[in-house]
Amino acid sequence: METLTAAILPQTIRQRPADSHKGTYGRIVLIGGNDNFGGAIIMASAAAVYSGAGLVTTVTAKSNQTSLHDRVPEAIFADITDVSLMVSLITAADTIVIGPGLGTTNQSRATLTTAFENIQADQRVIIDGSAITLVATDQLSLPTAHLIFTPHQMEWQRLSGIAIADQTPQRNRQVVDELHGIVVLKSHHTEIYTATETYRNPLGTPAQATGGMGDTLAGMVGGFVAQFANESQAVLAAVYSHSAIAEELATSQYVVLPHQIITEIPRFMKTHSEK
Amino acid sequence: METLTAAILPQTIRQRPADSHKGTYGRIVLIGGNDNFGGAIIMASAAAVYSGAGLVTTVTAKSNQTSLHDRVPEAIFADITDVSLMVSLITAADTIVIGPGLGTTNQSRATLTTAFENIQADQRVIIDGSAITLVATDQLSLPTAHLIFTPHQMEWQRLSGIAIADQTPQRNRQVVDELHGIVVLKSHHTEIYTATETYRNPLGTPAQATGGMGDTLAGMVGGFVAQFANESQAVLAAVYSHSAIAEELATSQYVVLPHQIITEIPRFMKTHSEK
Amino acid sequence: METLTAAILPQTIRQRPADSHKGTYGRIVLIGGNDNFGGAIIMASAAAVYSGAGLVTTVTAKSNQTSLHDRVPEAIFADITDVSLMVSLITAADTIVIGPGLGTTNQSRATLTTAFENIQADQRVIIDGSAITLVATDQLSLPTAHLIFTPHQMEWQRLSGIAIADQTPQRNRQVVDELHGIVVLKSHHTEIYTATETYRNPLGTPAQATGGMGDTLAGMVGGFVAQFANESQAVLAAVYSHSAIAEELATSQYVVLPHQIITEIPRFMKTHSEK
Amino acid sequence: METLTAAILPQTIRQRPADSHKGTYGRIVLIGGNDNFGGAIIMASAAAVYSGAGLVTTVTAKSNQTSLHDRVPEAIFADITDVSLMVSLITAADTIVIGPGLGTTNQSRATLTTAFENIQADQRVIIDGSAITLVATDQLSLPTAHLIFTPHQMEWQRLSGIAIADQTPQRNRQVVDELHGIVVLKSHHTEIYTATETYRNPLGTPAQATGGMGDTLAGMVGGFVAQFANESQAVLAAVYSHSAIAEELATSQYVVLPHQIITEIPRFMKTHSEK
């Protein structure tokens, strides 16, 4: 297992070409946020915007429209019950993040199934939170695409069938290989399983142990993957950045809140981008 | 009566173990906020989040969903009229805060009664604001649990039957002993009655004399109690922190607003945490 | 005519007694904000809260509930169509601000009339914006109370019958005496007519010439009047503070926005309070 | 083609006369923002307010009312389905911005047509985003007025019939002359075509390549045009300021978000205003 270092950052966070436009940095659709968990998809969407994704659309419950625009006016809103709109948005996207605050109701299930049916092979798809749980409990067949899973340990247990106590790199790797995707296994020190390699994130602070951290990470992974060509590097850099910002904030805060991490992303990325 | 000092802070605000997750810091449910008093439960919820509670859910009127997510995307929303959802949230919680902005209508009464019926003996329950008034006026029987009351002097008069002018430590103690709970009696210099001891908070500034201060304190008490094992210490540290932050802000402000106190909590706790 | 100076500030903004509570600083009700002009009553309410009023309730259109709580969680919301609630709030108030964003529809008129009918002689009432226009156009009889009018020049023309070009201190004074109230005549250099004296505010910057400035001033006048015993002084100090903050901000800003003034009030008041 | 320099700023951003009021700085109406693209009109409106426009009204979908007031309480709200209200607002306005987030549905088309029918010859009209697309696809006849178009390259292709690869200054000029308006052709280095001259903006950073940048520029152009007499200069100064602020922020940020540019406008304008 390799240990991630800050070297991943300038390798990934490249100088933007002068002659570029928002289309250059990806068209990302985030799907989630039911009537209870609106904050989750708002934080994920904000994280994608602040990471520099070119065009961000959020498919969520109508009751989250106002709070989304309030906190992230840069994101476009789409009503999650408007299936044909969601399908056309998915079709036009480069990157899809599905799961933050999606819930596990029948409505959530229907949304996830429809999304999976419309995903194309060249798209990058981050599967997070309740979407992972639904895949596991309903044994949904996964779409053929560039899949990235971001489970915490309990979600990984559900998805992989490996009990938390038994989640060793060796056993995890077996399931990862079957999934044909990248797995970000979130824990005290997050592990990242790419197709060819396993990485350990040496950073992370208990000040981060608060609700919404995972949603924020999912949005950052989406934002990085949307704009950086090397998918594995993008995931690694997003995970590393998320923890590094948290550690910086934790030097002066007892708890670090997700929205505080989001605010710091543009400055952090600049500091650690290719020179 | 003992006078609180800053020594309570590092004793209570412990270093977080590296290998911890949001579950380690408590699952807290806040119940309150009708169609008029939404700000109260929003400030209480924000105070719990900024104090470091692991997972915060807010049970409130539907009309407060958007403003809750706007100000505290980290909090989960639940509609206060969805009784079965509230019951399942209470059942799964470690800590419950009930009262901020709850009101005293029949709907408020029904909510409070249902909450009390579903509280379990090992839970920590902060009873604040209108919930105290309702307990007093309706002579509701209190649940068996770790109860913490946070009345101001008029609410204490209603609950204890002791007129404000007669609220001496001796007379208060008698009623406290009957209540089988901790009482935070808010005034110019707040008094805290634990099972065995009475404390006086030497801090506090008239710059704090503004609406929402009590709601913020209730949320902080909830947040501290949710994550720190020693319940009495947690209450004392929350009360002390709330006033200490207000005093700091009052050196440069004529009035200190509740939301400004909330914003300072993570930094203040870090400064005064166990080294 | 006397020219206001900063001396009015420490005379008015007194040290708060240590043993005080939110009730000491007034119970203020602000009435206004229809479906179009919600921002006006939100800014007025925020100005009252940041000025240090003890307990602030905002009576406004239901469609403004969320944005009010979002920007000012410290304010309590009441639906302007709930007449009996409004009446009970007025009855319990010390200070009433009516007019910001109220509009001039039949609904506005009905609200204003009901408010006037329920105002008591010992209350302080700030009449602003559309309320002034309605008083003028409908020739409403004014309640007996401590009245404070805050017209701009066109509103004063409507109320006084004096064309803007003819608004000299002498002519204004005649109408002021008939009104039995204080008049704050807003212009490039605002004039304040108390019962016995006329003052000229020497401050003010064209950077302030933007929508919402007057609503903010009305809220500040309400906040000052609610907590400071000398009514005339309170009005003078509010007017002076509003312009002085604007001038400070204008040293580094081409335009000064109302919400930026509001944010500065607590710090400004501290700097200029009684030592 | 002339290259813009900072010299345009003090020539345009004049000292405000002491004896001025909000009416001096223009009455601007912004029209756009359907149920999906509310963020666009909110950012445009905020940009107009922060640029110093005197009185700002936003005509948008009802579902955007709360988020508009949350982010810009200084703006007045009008429901886009209330046609007679929109017409009276247009009639009373000096400057109209139409297009940000308007969409291209039948509702959008009807709004645009009605707006065009009610525009007067002496008004300044910024036509942006979907409004440009609708003009092109529906071959709407343009109103006689002071027109300013702010297309990106694809929108210009639709409007002018010139494919992006063929958009040379010479070919663009021909169409501009037929349009009888100013054209701001947004790209890596934006070009501005006035009646008599063509300018190239030397500023601009790929950190700006993110959704909402164009909406923000449209609002700034509106805000500048509303208050500065020389229309061409106002457009040039707005374009230059927008990019200059972005470049400043990009020295410490990897991506620059539209709302961050908006916040900086008052300070930037002060620094570069007439001394």
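Order of writing sets the chain letters: A, B, C and D. Residues in each chain are counted from 1.
Just so it is clear, contacts are C-beta pairs under 8 Å (C-beta built on N, C-alpha and C of every residue); 3 or more make two chains touch, one makes a residue touch a chain.
Note that the structure is a prediction, hence the values are computed from the model and not measured.
Seen from the Cα centre of chain B, the chain whose own Cα centre is farthest off is D. For the self-contact between chain A and chain D, the two sides draw on mostly distinct residue numbers; the shared fraction is below half.
Inter-chain spacing, taken between the CA centroids of chain A and chain C, is 48 Å. With centres set at the average Cα position, the gap from chain B to chain C is 34 Å.
In chain C, 66-67, 70 are the positions where the chain touches two or more neighbouring chains simultaneously. Those residues of chain C whose C-beta lies close enough to touch chain D in the complex are 35-40, 42-43, 63-64, 66-67, 70-71, 152, 187-188, 206-207, 209-213, 250, 252-259. In the complex of the two chains, the chain C residues touching chain B come out as 13, 16-22, 24-25, 49-56, 65-67, 69-70, 72-79, 265-267, 269-270, 273.
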